[in-house]
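Questions regarding the structure given below will be posed in turn.
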Amino acid sequence: MYLFIEQSLNGLAVGSIYALITLGLALVYGILGVLHVAHAGIYTVGAYIGYGVYACTGSLVMAILVGMVACSCLGVLIERFIYFPLLKFPPYVPLISSIALFMGMEEFCRLVAGPSVRTFSLELPFPELKFLDIVISPTLTGIFAISATIFLVLWFITTKTELGLAMRATSQDMDIASSVGIDGHRIIDIIFILGSAIAAVAGILVGIYYNEVYPAMGTVPAYKSLALIVVGGLGSVQGAVIAALLLGIAETLLIGYANIPLPRDALAFIAMIAVLLWRPQGLFGKGA
Amino acid sequence: MLLQVNDLNISYKEVRAVHGVSFSIEEGELVSIIGANGAGKTSILNALIGLVPCGRQSSIFFSGKDITSLPSHERARKGIRIVPERARVFPRLTVYENLLTGIYGLRAKVDLKERLEWLYGFFPVLEERREQYSHTLSGGEQQQLAIARALISEPKVLLVDEISMGLMPLLVEKVFEILGDLNRKFGITILIVEQNALASLRISNRAYVLEAGRIVMKGNASMLIQDKRIREAYLGI
Amino acid sequence: MRNDRAILQISDLSKHFGGLKAVERVSFDLLEGEILGLLGPNGAGKTTCFNMISGIYKPTSGSILFHKKRTDGLSPHQMARMGIGRTFQIVRPFATMTVLENIIISLGLQNYQTIGRSSKKWFTPTTRQKAMEILEQVSLCGLAFKKAGILPLGDLRRLEIGRALALKPELLLLDESFSGLRHEKISEMEKLILSLVKKGISVLLIEHNMKVAMKLCHRVVVLDHGRKLAEGTPEDIASDTRVIEAYLGKGGSAYYATSSE
Amino acid sequence: MSSYVITVSIFIVIQAIVAYGLNIIVGYAGQISLGHAAFFGIGAYSAALLSTRAGMVFWVAAPLVMLITGGIGLILGLPSLRVRADFLAITTIGINFIVEALFLYVPFFGGALGIGGIPRVRFMGLRLFGTSYLGLCLLCLGAVILVSWWFTKCWAGLACMALGEDETAASSMGISPVRFKLLAFVIGTAMAGLGGALYAHQMRFIAPSDFGFPVSVMILSLIVLGGMGTLWGPLIGAIILGALPEIFRPFTEYRMLLYGVILLIMIRFQPSGLLGEDSIIRKILKKYWTGGNDEK
């Protein structure tokens, strides 16, 4: 029983990290309709920057902050110079360029930091929690605390502030949004900044959780998060987050208990196809 | 002259939709542009709010300033607001949130409570449905919401696109009545683009008749309403 | 009224989109060789009717009989095979193909039915000549090798009629083929439609330019908010107060009443 | 010709064959597929199994492989009738991952070790390898190009192109979307199967990772690069993207980065491909052919 709970908590942590990655993807899809595969590249870069800054300064806060800022800039650059000029072409054009970009970013990390796995060994500076016999390690506590904070802040921004209102309006009808005085380009910039900064945090958290940072760490999340936004319903941010949390738990429990001869990484896609057959618009998608 | 449009040309790819249209609106006027489907009415409005680029040599002046190359949101800030064709409210925002988008960036300048009270006076249904998602509203309610969303910012000019489309005759009448009131009682400058010629002519001061992207007639609304050609073209009688 | 000469019989046709009743219990017949006009303000449900007749939408309830056979629920390509050709209100040419190719696609109707025939070559002198004949009917010969995407609206509307004609239809559905056209183009289009009817094609057309519809149609059905408001000859319709009200609003009809005295 | 050049050429030709298959699905019928490598893999695995387990000779196995791959393509093409463009792209990614996972985890397919000991193709008692195998591949490529060319000329192809451009308009012209989309899927995946069979007999050892998602991306990007929906685009794309890594071989360290960057730049500045509408090459060729006179 305790093992089950511990496994579930581990799964929840993995799910939270998936959710952090998927968030940016869902936001970008919601507003531009682009499948932003390069988002996982930003996540990898974020992890490396975080690792590098931590190695140099020894400050985790600095590492996270620098990672967030650098990744935000990277995200905006990608949006301005790659996606925006390609929006008028069929969707596979921005998609392919996004994938090419992702490959380039992975290679770049490989060249700069070397192909080997870097160990990112530290515990997050959070207290260890104990309930009965269940022990939640500081890192796990940290992951829960940080991702919960991010979800809350994001939820607050999108539902309670004028900026969030503008973001939602723009993603529903960009033309009309601009006709009520909302600067669509600025909103898109902000979305890329938010999404990329969160991806950087996710990268750093993954690095700490698995205790490793390596150039190809983005490959699996890149495509898994695509499956997640489909399961959640394309464009539905809450849907994507919930799908991510569920997937994290399901994967971990599946590895722990069931002896199903399927790799953990295919699970997301099997879930996706099952969901599509049952509800073509995704779990939380709105009709056609 | 509040709004002055000179030699407006609009092309989509290589197809030209509007050919050298010029018109103007004085402050406090209610002007209609009438014409059949596909005559280019919506293109003209979209060019006015900056969603469609206009051709070379075209120019748009607002309050004496050239706004031809201004982006859409800045025109909105200057006080040009639109009630789009088929309302186009934000479907997954509540009615209240839709109204709030209307004063994006202006919240400090506008007395929200007072504006809302004023609007709810015109459109009581919007108060009843405050918390409902706007895609659950009926067509007529969405149109009212779209008008309210434009009005809440105290616009200098209100552009109204095909408001009669898909509305029941009774509602069409009511909506036009409201537009007429807004113009006469509150002095709001309005440009209506309509294919329901008579309904819009009845409340307008002046009107332009658009055919295949060109203005073919203009004049006082009361004169045009008598015009035989108009009655023939739009009624077949 | 059920007529033996009816080629198309619509009874109690309804289409609801969620809560919106786009079309509600509409019935009418179309006789052989007739031009029937479907009139009504924007949003009255005319195009929705068309989309049900041509198979794009499945009716919520009611039936459509084409040559006495139930056709509601069939898909668009099956309707095309039965002999119904249509145009679209917002023109949908195959923009990157040439005008000639656009017509040839339609000419292939029979070839799409079996694998054997669909593996034959399409660009043969015979099909080309057939396509040119159709282009001649809609007077687009000069533009045969232009990309359809660059044509002006009037030509595109004729191209769509050409495409529909290439199906050798018995019934032609024209969705606002006149809108957005200039005067001289309108009369060209009128001539074209009349010539088609002479060849024995029945026509159902949507129009809201009353003048054109009144001149062209043998009979008229007026829709308003998804319901049938009136049906009859153009003369009947023009004097029907309900119709005038729907188009003009009450004030307009009052105006009409006073000024015609 | 050195054997190195021949080996590279064989891979380029095989890639081109697979790309022609995808070109039919994406370029002509307008169905975005990002899982083409799955069918490439199904072809390779079935060829490998048929020759190692059933001892079938290539000439009998190859048509059978195309049949199997096309049949699976037919079944997996069904989602394309159901979902919209973006969903379809992601669904096909999913298909790719699942097929790869099956190869990896079902013992029958040899697991991570894959299948080895695939014999060379024999022709009249001669083992084909090197130049002679390149000849066989070129022959197959020729056949595939011929089929593609025929596809642009036959009614079925015309129907697919019409569907790709506007499904509603096409179906109201009597074209059944179901029939022709699936037809495109079957032809396209069968071509991928042929490519897979050739690949298996060239490598003589195949593993699941040879057919992963990156391979799908590579195939799609080479047809985007060459010119989606054009007859020669896939070939040009295969040559360029196939040769690039080899050209960059001196810069071993940087070659994948350069590859990514060049792909990105080409797509960013020539989104419709080298042979597509409005491309530089098209414009130059047009100038020479029509003597600068654009009017037709």
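As written, the chain order gives the labels A, B, C and D, with residue 1 at the start of each chain.
Throughout what follows, a contact is a pair of C-beta atoms (placed from the backbone, for glycine too) under 8 Å apart; a residue touches a chain by one contact, two chains touch by 3 or more.
Predicted model only: the values in this text are computed from it and were never measured.
Listed here as common contacts of subunit A and subunit C: B, D. Annotation of subunit A and subunit D: not jointly contacted by any chain, touch as defined at the top. Chain pairs C-D and A-B differ in how many C-beta pairs are in contact, and the one with more is C-D. Relative to subunit A, the most remote chain by averaged C-alpha coordinates is C. Here the spacing of subunit B and subunit D, counted between their Cα centres, is 52 Å. Each chain gets a centre from the mean of its Cα atoms; for subunit A and subunit B, those two points are 42 Å apart. With centres taken as mean Cα positions, subunit C sits 31 Å from subunit B. Pairwise, the chains that make contact are A-B, A-D, B-C, C-D. Partner subunit B is touched in their complex by these residues of subunit A: 162, 165-166, 168-169, 172-173, 175-184, 286. Contacts from subunit B toward subunit C in the complex involve residues 13-16, 36-40, 138-139, 162, 164-169, 172-173, 176, 195-196, 198-199, 202, 211-212, 225-226, 232-237.
Against subunit A, the residues of subunit B that register as touching in their complex are 49-51, 71-73, 76-77, 81-82, 84, 88, 90-93, 97, 100-102, 104-107, 149-150, 153. Within the complex formed with subunit B, the residues of subunit C that make contact are 19-20, 41-43, 89, 149-153, 176, 179-183, 185, 208-215, 224-225, 234, 238, 244-252, 255-256, 259. Note for the complex: subunit C touches subunit D at residues 54-56, 75-77, 79-81, 85-86, 88, 92-97, 101, 104-106, 108-109, 111-112, 115, 117-123, 145-146, 163, 167.
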